[in-house]
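For reference, chains read A, B, C and D in written order, and residue numbers begin at 1 within each chain.
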Amino acid sequence: MCGIAGVWNVDEAYNVIHDVLLTLQHRGQQSAGVVVNGFKSVKGEGLVENVLTSERYIPGTKGIGHVRYSTYGSLDEIQPITAHTLKGRISVAHNGNIVDADEKRRFIMESGGIFATTLDTEIIIHYFSIAPYANPRESLQWALSRIKAAYSIVVLHDTFLAAARDSFGIRPLFYGKFQEGYIVASEDVALRVLGCEEITEIEPGTVVFFTDNKPPEIVRFAKRDDRFCSFEFVYFARPDSNFYGVNVHEVRKALGRKLYEEHKLQADIVVPVLDSGFSGALGYSQASGIPIEYGLIRNHYIGRSFIMPKNRQDIVRRKLAALNAVLEGKEVLLIDDSIVRGTTMKLIVEMVKEAGVKKVYVGIHSPPVVGPCNYGIDTSRRSELIASQNDLEKLQEYVGADKLVYLSVEGYREVFESCGVRGICMGCFDLNYPV
Amino acid sequence: MCGIAGVWNVDEAYNVIHDVLLTLQHRGQQSAGVVVNGFKSVKGEGLVENVLTSERYIPGTKGIGHVRYSTYGSLDEIQPITAHTLKGRISVAHNGNIVDADEKRRFIMESGGIFATTLDTEIIIHYFSIAPYANPRESLQWALSRIKAAYSIVVLHDTFLAAARDSFGIRPLFYGKFQEGYIVASEDVALRVLGCEEITEIEPGTVVFFTDNKPPEIVRFAKRDDRFCSFEFVYFARPDSNFYGVNVHEVRKALGRKLYEEHKLQADIVVPVLDSGFSGALGYSQASGIPIEYGLIRNHYIGRSFIMPKNRQDIVRRKLAALNAVLEGKEVLLIDDSIVRGTTMKLIVEMVKEAGVKKVYVGIHSPPVVGPCNYGIDTSRRSELIASQNDLEKLQEYVGADKLVYLSVEGYREVFESCGVRGICMGCFDLNYPV
Amino acid sequence: MCGIAGVWNVDEAYNVIHDVLLTLQHRGQQSAGVVVNGFKSVKGEGLVENVLTSERYIPGTKGIGHVRYSTYGSLDEIQPITAHTLKGRISVAHNGNIVDADEKRRFIMESGGIFATTLDTEIIIHYFSIAPYANPRESLQWALSRIKAAYSIVVLHDTFLAAARDSFGIRPLFYGKFQEGYIVASEDVALRVLGCEEITEIEPGTVVFFTDNKPPEIVRFAKRDDRFCSFEFVYFARPDSNFYGVNVHEVRKALGRKLYEEHKLQADIVVPVLDSGFSGALGYSQASGIPIEYGLIRNHYIGRSFIMPKNRQDIVRRKLAALNAVLEGKEVLLIDDSIVRGTTMKLIVEMVKEAGVKKVYVGIHSPPVVGPCNYGIDTSRRSELIASQNDLEKLQEYVGADKLVYLSVEGYREVFESCGVRGICMGCFDLNYPV
Amino acid sequence: MCGIAGVWNVDEAYNVIHDVLLTLQHRGQQSAGVVVNGFKSVKGEGLVENVLTSERYIPGTKGIGHVRYSTYGSLDEIQPITAHTLKGRISVAHNGNIVDADEKRRFIMESGGIFATTLDTEIIIHYFSIAPYANPRESLQWALSRIKAAYSIVVLHDTFLAAARDSFGIRPLFYGKFQEGYIVASEDVALRVLGCEEITEIEPGTVVFFTDNKPPEIVRFAKRDDRFCSFEFVYFARPDSNFYGVNVHEVRKALGRKLYEEHKLQADIVVPVLDSGFSGALGYSQASGIPIEYGLIRNHYIGRSFIMPKNRQDIVRRKLAALNAVLEGKEVLLIDDSIVRGTTMKLIVEMVKEAGVKKVYVGIHSPPVVGPCNYGIDTSRRSELIASQNDLEKLQEYVGADKLVYLSVEGYREVFESCGVRGICMGCFDLNYPV
């Protein structure tokens, strides 16, 4: 997963992008990068505040930025990437995947093209370059229309900043007015935190061009067919973000409520697995009347510390600690948003048992993840998805819970519908992939 | 405030201290330091994972460590500090203050002594050196008994590790068995996270000596007179820590409950100011039946980023964001543990109002802070304590709340008594200081 | 100017390249880079020992490396550069320039190609990629034969290491046997220092392929037409390097001797401008019988210190100091290899005068530099070449010498002929450029 | 060995000290440190330009600095060191040793004093602190008069900068006028390079105080008894430095001449071992008429590279390369200033032989080093001094030369006398130590 940002006509573009990426940091902590006017760049592995330091400040009023959680591509290939073309220099950062990337790379290379990286981003630049137009804007539109992709993208050119979403609108993208210019960001919360006005969700299948002395121009390059990633709502986005005008925290609460309605599972306390399970646990608590409690404490200072014991158990124990005083002697229902490989949940259940609970139940406010994501979420290969290999009984046994419940696929879909979210992608839950 | 750690006879002392300090990181993020056998040290400004990196690993099985939130002393004076004396080399890290430090420094300097730092720690070393004993252990006991202090301390000598608390036991200190040796830490959670056994709270007025081939020896050097810092329970410690066998989260909940009992203030939702107000808010919610809600989101990736706008308002807005979908149109009761200077709460109230609430109330689950702390918490000088300069009405006006309520001093004391916590220090609330 | 290195089948390729580049460091101090098997790279600005540190070690037995003194291209574009092509991954480092680079870039871009950098190196990769051959070796040969260039080059492919010189052989390149494999380097001294055997100068117009289980294969791709850069002898190479089997120091001495023969200029002492003028001064001293003296001391610890006063005068004074005890009251003849912009010599003359000399003469053991170098030496644009804008009298006045003498173009050519050096390029002296 | 610097009332003290230390860098490359007004410091291992970077700039107009070549003390104890005393803060940097340091440390510790470091410098601070005077200047004078030492020292106090030399004047120290203030430095060349005026050599047994609004005050604290380290002339100082008004390069040349006069050893060429043997070789060449030649090339880019092969032979070969074209077939006389352990010379002789010389002779323009230096030069323990364990015949055999000649002790002394250098220390040559 990734977070992207773009600015046009703002003071100290570098600092503004820094602040936007800081608010998008939850979307990727592996690397950060910025390109500012003149296509000067600062990039590095690690968190925004370690990479985009004030010592590396680049002056300028336009630019794009990127934070990344490794998916495909090697770690040292840090976006944005920049190239020189006949149509001017261009720099691109994207969030998502090109579905037929291998084919397209091959096609380009067969025509003699070379690739500096293994990133899908570079394919977009090649298409921009080979587009049968002299005009860079038309070339970009052509490139976007030719690529079967699931992405949001920001593009910096000498003459414009462009922000686009694929026709399915799988990944989010927003822009807002800031000072005399504009900011683009993956989530609206980043725009609100900076005090933007007129915050707008970019429509699937459109590209917005920001140029000097003109309002943003919206150009449709593909028919809209909404299949927004529902996992953004469930797990990825910040609770104070909104997609389709619907608040993420509220959707998670609704999923938690639905989970209660489907199973009516009783317990003494509802304990969220921090931080991802909090909203769902609140919904479950409100629907069921079972008090929510603080039974697991997360250490927010643990980042990418390499000294720490490498076995997963020790890592989990240093990140999450059980609050024995709260758990002891209780029937405890742990709520989390999802289970991918299952190893972390198994360790949490173990830790909670050691705290002396009477029973431990696990409630997941989404359906079992049975398929990989082809659109930019690193949910590992299918063989590692525990729910794709095991039935519920075996899963329950593996994680060690006295009971394990999931939300049904139907229930899940209903919640989104009732919340008013337009078409969503549920591929990882129902194997029904849009492209 | 500070966190301290010590280890004796463990594999890879450096790494173990690293892990202990990581769990104590909430006690200080300004600097970190470690001294390992042979008195080699690694020190630096910043977080544990940035300072105590694996590249700087020092082999050894014994050592002490320190994390610091600036109080007195300049930032580059990072503990532990080490000195050569006639009685051997000695390294010291402490948490707290020497009350008559200025007098004692002057006395030492008048005798011709010199100080390499401005740290109170160095006074302890001087007293160790001038103690009328040839034996280092007796010298340390003598030094501890002569110093009017409010501190916990770890001392590394060629022949022992010592861990001591002053007679009032103002700052916490624990030890536990680990492998064939021992670990000492400011909070018991750090020992539990590492899997220690036989975790023991060090008694006020005693020093524990860890030496080879012997169980820990406990020596009393002063009469016990418990005045444990109640602010450790209210704000400083992790919720999953315990002092006097009493859980911090449970005390905070009890304070929240008491706050409701004293004021019966009603609202549509109770919203904790994250992360410090969560436990109290939960107590308030449970006592009142008003649902707890997630109305403020904290960005945990914001550390000590220096690029960020320097005005306090922008910093608060990047750290905490209002969740409009939750707050809009509601009567909201914000719960926090305390108000020191008042500026942050004023900005939070402003932000909550902008989210479109009907009313905003503020509940503080401790009494007004009217005096500074002389024992190691950096609660600023009296003139900056907003509650020491203003009555409740003016305070309420300043923070901009429709109503502001505090817990009474009596109510506060009762909660601790009912929880079974022995004598506490409430100096910052009632100006009744122990020393 | 640049230095290049390549290794094939050696233990710890990274370390061997490090050591080769260290001996080639005089060819470029601005940046250093290495690519090792699997196309992992380490690159950075600064000296070899600061960039290619042991912490960044990459395992492997094959690789190429580069040190650079900025010519064209921005500083952050550090060689070697790597690309993915249909014919495999390829990494290239070169020393020199492509003469018609702008045309060739344009041609590639008009065919839809994109460039990740502004380096000429990337053009070679594009030609490799578009070559009408499936075979990577044939493709490289085709690319080399198509490019009008003045360069030496090393190329790493999954299946071979290649080392080539253009048809004029403007830049040097050597290889030698090392352990079970081979090392390639810009100067033979780097191979001798490492203990290589069978050191061979690569012939202009040929490429040498190093592959597994075979001796090096030499392939001619262009007709040889020797125009070796005479400035390599005069200034750039180490004195203990040899080209065409002729020692650099001996050529410089011969130039110094010739300078005496042409002018018979007398003085009390001959003082070399360190380090570049030493060999020439020795030749002058030997031919004239005037004693050589140590009248200017160079501080070798001054590298790229940015604190130092930015005006040129202060920089020169910190780098070179006059030895008053030697200079005072003497007629002094300063010997240097060349004058480019003239500013440094002016400051040196000033400094020498302040030391109380009776007379100061300047002897340059090469002709006036009247044209820029188009083949990789950064001798600035023509307008900055002081000798291209002024006659000898004005030059003498500008540098402030009592007399200024140059070697004649004819005398210069004769020295090379008599030393047995095959065809040389003297473009910067006689504007007669080979391509 | 070390280099020290001090400044009083200059603009940008940090930068000026940086520049002075850069010129003194040959006196120590292991660490560098600076303390500027307010006693803020920057310290680190490595070269001046890596440690005292512009990012670490500290504003101020007064300060002291230090560069160090390890002698006693661990590497992380980097000077200057600072302490708080009753008489104010004080910071000290010194070059040399306290002869009875162990006794004095013990005495201080027996009185209850503690030491933060193992440096002799701290003893001086203790004596300053215990001095029976309230006045800091009188206290410093008392401390200097009580300490049997061989040192030069700079001291920064809130109210003055002091610069002193012990009664023997073993280590050099100078000051000069700069802008409205003063600079102190170990060698006069550093003052000349910066453009100082009225450069003055501090008299042995005196301390110079620099204070505001007054000319420097010179106070004698001990009787002068000149025993200046003759090794400063032979090896340590820069050739363009002067002591007692006598130029270092000229003394070295005189030593080279004397070496010829004593032995009349003939050869085809005289080859200096760079850089230390150059001046002596020039003297030998001038006296003998044998031409000086450039037969060994030094790579100045090799600093403290840790990747390089750790065996001494490889290191020497990468630092020094034989110039075969010059050496082949010749009778070669290598000239160096001294032989300490003998291992490097052995490797050089080997290398020169491999270049195909007819004969290789070695001439050393100082007597055999038979005793260690107790005054700050790190000439290793006596057992490692090859000349203290072997007669000349065995030495010659060990280094592998066809002939090895040294200057006689008498001849050595005569040269200094005839040059007009006052009393010198020759302890390492004749075991006649001054203290």
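Annotations
The working rule: contacts are C-beta pairs under 8 Å (C-beta built on N, C-alpha and C of every residue); 3 or more make two chains touch, one makes a residue touch a chain.
From a predicted model like this one, the values you see are computed outputs, not experimental measurements.
Counting steps between touching chains, the shortest path from chain B to chain C takes 2.
Under the contact definition, chain B and chain D share no contacting chain.
Chain centres here are Cα averages; for chain A and chain C they lie 50 Å apart. Measuring from the averaged C-alpha position of chain A to that of chain B gives a distance of 35 Å. Mean C-alpha position of chain A lies 61 Å from that of chain D.
The full set of touching chain pairs reads A-B, A-C, B-D, C-D. In the complex of the two chains, the chain D residues touching chain B come out as 41, 76, 81-86, 105-106, 109-118, 122, 125-126, 129-130. Residue ranges on chain C touching chain D, taken from their complex, read 15, 18-19, 22-23, 25-26, 29, 47-50, 52-54, 57, 189, 192-193, 195, 238-240, 242, 247, 249-250, 275, 278-279, 282, 286, 291-294, 297, 299-309, 317-318, 321-326.
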